[in-house]
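Residue numbering begins at 1 within each chain, and the chains themselves are lettered A, B and C in the order written.
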Amino acid sequence: MTKASNLSARKRNERIAAYVFVIPAVVLLVAFLVVPMIYTVYYSVFQYQIMRPDDITFIGLKNYVKLFGDSDFWQALKNTVYFTVIVVPCQCALALALALLVSKKFRGVAIFRTMYFSPQLTSMVVISILWTVLYNSNPNTGLINSLLTNLGFDSINFLSNEKTAMNSIIFMSAWQGAGYQMMIFLAGLQGIPGEQYEAASVDGATKFQQFLYVTIPGLQSTIKYVIMITMIQAMKLFTQPYVMTQGGPKNSTKTLVYYIYTQGFQNGNFGYACAVAAVFFVIVVTMSLAMKRVTSATD
Amino acid sequence: MKKLIALVLALAMALSLVACGSSSSTTTTSDTTTDSSAAAATDSDEVIYLTIWSPTDEAAVEEWWVEKLAEWNEANPNIQVSREAIDRSDSYAYDNKIATAVTSNDLPDIFYVDGPQVSYYAANGVTVPLDDYFTAEDLEDFVDSAVTQNTYDGQLYAIGATESSVAFFYNKDYLTECGVDVDDLDSRTIDNPITWSEFLEIAEKCTTDSYVGTHIIMDHGEGLPYALEPLYVSEGVDYISDDGTTAEGYVNSAEAVTTTAWLANIIANGYANIDPIDDEFLNGACATMLGGSWDIATLEESADFEWGVTYYPVSDDTGTAVSPCGDWAAAISKNCENVDAAGEFLQWLMNTENVATYAAAIAKPATRSSAYDEEAMADYAEGARALIVEQLENTASPRPRSPSYANFSSDYAEAMTNIFSDAASTGTVDEDYIQSELDRVSANFTENYETYYAE
Amino acid sequence: MTRKPQSKKASAFLSKFLFYAGNIVIGVIFVSPLLWMISASLKPEADIFANMSSIMTFVPTNATLSNYLEVFSRMNLLVVFKNTLLYIGLILIFDLIVNSICGYALAKFDFKGKGLILNLVIALMVLPMEAIMLPLYIEMSQLGWVNTLQALVVPFIAKCFSIYMFRQFFYDIPNDLLEAAAIDGCSPIRTFFNVVVPISKTVYATVFILDFVSHWNDFMWPFLVMTGENKRTIQLAVQSFFGTQPVHYGAIMAALVISAIPMIIMFIFMQKYYVEGIASSGIKG
């Protein structure tokens, strides 16, 4: 057997293995994500009251025309982008900091990891209800405002003022979500060989230099992944505005997914909601594929 | 170990293959409870099975269902009824479940629906009329508001056992401290309720550093239009026209703007919190509240102060007494194959004794006047509960019966949130802004109604 | 080197002290809502929001177990936990296998359509559940899966987030290691199971934890497809408490505390795979 044929046999084996490996996932993705998505796009050209599925009317691109003139849609898009742009760097940096704090083994490390992860252990709905109470505008009933007034500041209508509502949601979201990304960073940190730190330390590198020249390069692919999924999850923001502010005040916390949900289910404009969903989908896919291109330039 | 992995892999593949050939597969083994009624219909000697959906509730209510259905099923071997408790988180989630079931024709035979949604379901053909099972004579015993709320386009589409109301609650201890004449409040009658200006005066007097004067339901949802509607009706103009076709000239009328401005003024002056917590009154953080009939039990149980309750305040201009009402009711779905059997069951379910015991279990006022003579409802003979019944029988005004009410409700709640937010941050009331927000609510209503329901 | 042993020891102690103090302060900030939840679950209803303006809100002064009794009376914990663990367990078994092999193929194999599949995975990550809920429900209904375990499990096995995470981690495994296995005569599939999986426990543990937690908090989908008391999942049981008027927050908090316990146990248990990850990293270098 020649070396060349051996190599090509290996290539062939690898190709077969590749298909065996990807087919289950791809079949499931197509069946349960792509097919429903195609339906969503299909319904977007119909006038469809959600309670009357037998009585839908084809209206061409009317839903899309309406959408481009719909100020609520544009506001929702703006809010979604604002939330994403602010929350992604904050949450990722916080998550990385937390991960660094608890990446090494020390007495009680499991307890601290659990503490940082604990906001993830309760459903977002309940966390949102809790923060609604914490953010309460009256110092007599709201913990944060009580702290502020005791320190001599004025109380703030966190959630009922259009200037502060979204930032309040950003703050609690970063707090709640950081534990999730922390776990991914932790996994990434375990993959950096200890010798690299030792070598750097022998060379006289400070902790900060070690972080810059060992940790960051070692975490490169993890960081890319974390930024990408945080961005995508941020674009899908829904529960917090749904529970805490219902998109208000003055549309300041209305996000695209919130808009899709309320239009489609609460208001029954299912066809229109599908059009918003289709546009949302195009926007976010474009963004994430562009990001993948930018980040994978170094792959 | 490797064999196990191979096995699991094979399973995964098989599952995904099943998923793939989905739409063509005809042998579906679906849940039996919903399909069995269809099977029964083909053979008239067979037993008819009916399924009911209603929201999950406290243990007392769950027990009531078990007990009552056992009683019915024993007495009616040919109509067997079972109930599924639906774990709704909010009423929107419940509506979603109905919406998805509508899409795939998986609706149960009977389902419970919140009062203001009756028209929405009826107009979209999700429910069927019940007039054959409840005659005008039968309905005479029910409070008018409950019958009206459940009637759409001249036909009855739902029938409920329970009602609700809102009244003016006050902390007697604290009000006395603030120099409010509590005895006067206690002595009010339904013909002599407090007026808006008296309400405002009390709220102003009682607002201090540690108390706010009053509490307005601010749930950003249905609670807001529900609790506030009597103010508008009392001022002279309801949210939506009587026939349910338009909000133009109603929710954005001059009277509505006046009413809204009056409310915004309370917020602007800090007499009420813009985002009050649920138990504000109970916890002694506010002096008075426009509270619900459901608050009575909690107050009796936990309040550590003397409290009183009087009638919903009336407009100074008209003096017309109005109060909120409405609660969940049972409806028969379009997927029900044995409407007669379901109707027969509902007749029984809504008889005086059942209404009385159900209302007692769920701690809500009953819809049938005769139910109050039953022992289970003895609580309602006097005190706060008697006042609630008095309001229901005399001043209750159902919410607008329009298929577009659900849209109206969320739009109105949104507009009020904006208006209150504006009032809170500027400390003043901007009537032009109020007008523009209410105009938007009206325009949205028109759009929705014209799109789906106009002839 | 040992000129000032005392001060060095002191500074080591100080830095250790600061490290712990910092961790504790930050930890408390993160865990405080959970503490509040526990405290509220032990309070009578009237006390829950009573002291929100002071730190005393974290202390249940009139502690009572009545909220827990209410929870036990309203939900059959055994059934609820059994249902939830069953469906999440099934999802996770398939999830870890299906998504890791797919991620591995995308990281290490060359084949036609690889770029396309990778882009598909990224694109599908974006789909919000709220946008495809109804069509997916219709699909379930056509399959006859409404109110069956399949509807809870099968659509959620393949997860783009997990595939992509596996792909990123496998991507960093040195090719030399795989080459070596190949030269030893391992087929690509065997290389994966015998060489790659044993050194990748950390990423499996991570995917396990994250997916377990997110499914534990599922509400809307189980709510739509499952009907009936004996089919209840944990979030359905918890959220049904929001449906009664007036809302009993004490009971809700008690239900939440109970529902968080299995997750905390799972999380602490899965920690050990993070430690092993460190040991395995030696192989990689």
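To be clear about the criterion, contacts are C-beta pairs under 8 Å (C-beta built on N, C-alpha and C of every residue); 3 or more make two chains touch, one makes a residue touch a chain.
Just so we're clear, the structure is a prediction, and the values are computed from it rather than from any experiment.
S.K.: Based on which chains touch which, is the overall arrangement a line, ring, star, complete graph, or other?
M.R.: Topology of the interface graph: complete, with all chain pairs in contact.
S.K.: Which two chains have the most C-beta pairs in contact?
M.R.: After counting contacts between each pair of chains, the winner is A-C.
S.K.: Between chain B and chain C, what is the gap in Å from one C-alpha centre to the other?
M.R.: Averaging C-alpha atoms per chain gives centres 36 Å apart.
S.K.: For chain A and chain C, let me know how many angstrom lie between their CA-based centres, rounded off.
M.R.: The separation of the two C-alpha centroids amounts to 15 Å.
S.K.: Can you list every residue of chain B that touches 2 or more other chains, as numbers and ranges?
M.R.: Where chain B meets two or more other chains at a single residue, that happens at 9, 12, 16, 19, 22, 89, 96, 99, 103, 277, 280, 283.
S.K.: Considering chain C alone, which of its residues make contact with at least two other chains?
M.R.: Answer for chain C, listing residues that touch two or more other chains: 49, 52, 98, 134, 138-139, 154, 157, 219, 239.
S.K.: Residues touching two or more other chains, restricted to chain A: which are they?
M.R.: Residues 24, 28, 31-32, 50, 125, 133, 136, 140-141 of chain A each touch two or more of the other chains.
S.K.: Considering the complex alone, what residue numbers of chain C touch chain B?
M.R.: Listed in rising order, the residues are 44-46, 48-50, 52, 70, 73-74, 93-94, 97-98, 133-134, 137-139, 141-148, 154, 157, 193, 219-220, 223-224, 227-229, 232, 236-237, 239-240, 242-247, 249.
S.K.: Residue numbers of chain B touching chain A in their complex, please.
M.R.: Listed in rising order, the residues of chain B that touch chain A are 9, 12-13, 16-17, 19-20, 22, 89, 92, 95-96, 98-99, 102-103, 120-121, 124-126, 210-212, 220-221, 273-277, 280, 283, 285, 406-407, 410, 413-414, 417-418, 420-422, 424-425, 448, 451-452.
S.K.: Per the contact definition, I'd like the list of chain C residues that touch chain A in the complex.
M.R.: Touch list, chain C to chain A: 20, 22-23, 26-31, 33-34, 36-37, 49, 52-54, 57, 98-99, 101-102, 104-106, 109-112, 114, 117, 119-128, 130-132, 134-136, 138-139, 154-158, 160-161, 163-165, 168-169, 171-172, 182, 187-189, 192, 202-203, 205-206, 209-210, 213, 217, 219, 235, 238-239, 252, 256, 260, 263-264, 267-268, 271, 274-275, 277-278, 280-282, 284-285.
S.K.: Taking the touch rule as given, give the residues of chain A at its contact with chain C in the complex, in rising order.
M.R.: 10-11, 13-15, 17-22, 24-26, 28-29, 31-37, 39-40, 43, 50, 98, 101-102, 105, 108-127, 130-131, 133-134, 136, 139-143, 145-146, 175, 179-180, 183-184, 186-188, 190-196, 221-222, 224-225, 228-229, 232, 235-236, 238, 257, 260-261, 264, 270, 273-274, 277, 280-281, 284-285, 288-289, 292, 299
S.K.: Report the residues of chain B in contact with chain C in the complex, numbered from low to high.
M.R.: Those in contact with chain C are residues 2, 5, 8-9, 11-12, 15-16, 19, 22-23, 25, 28-31, 33-34, 53, 55-59, 62, 84-90, 93-94, 96-97, 99-100, 103-104, 106, 277-280, 282-284, 292, 294-295, 297-298, 301-304.
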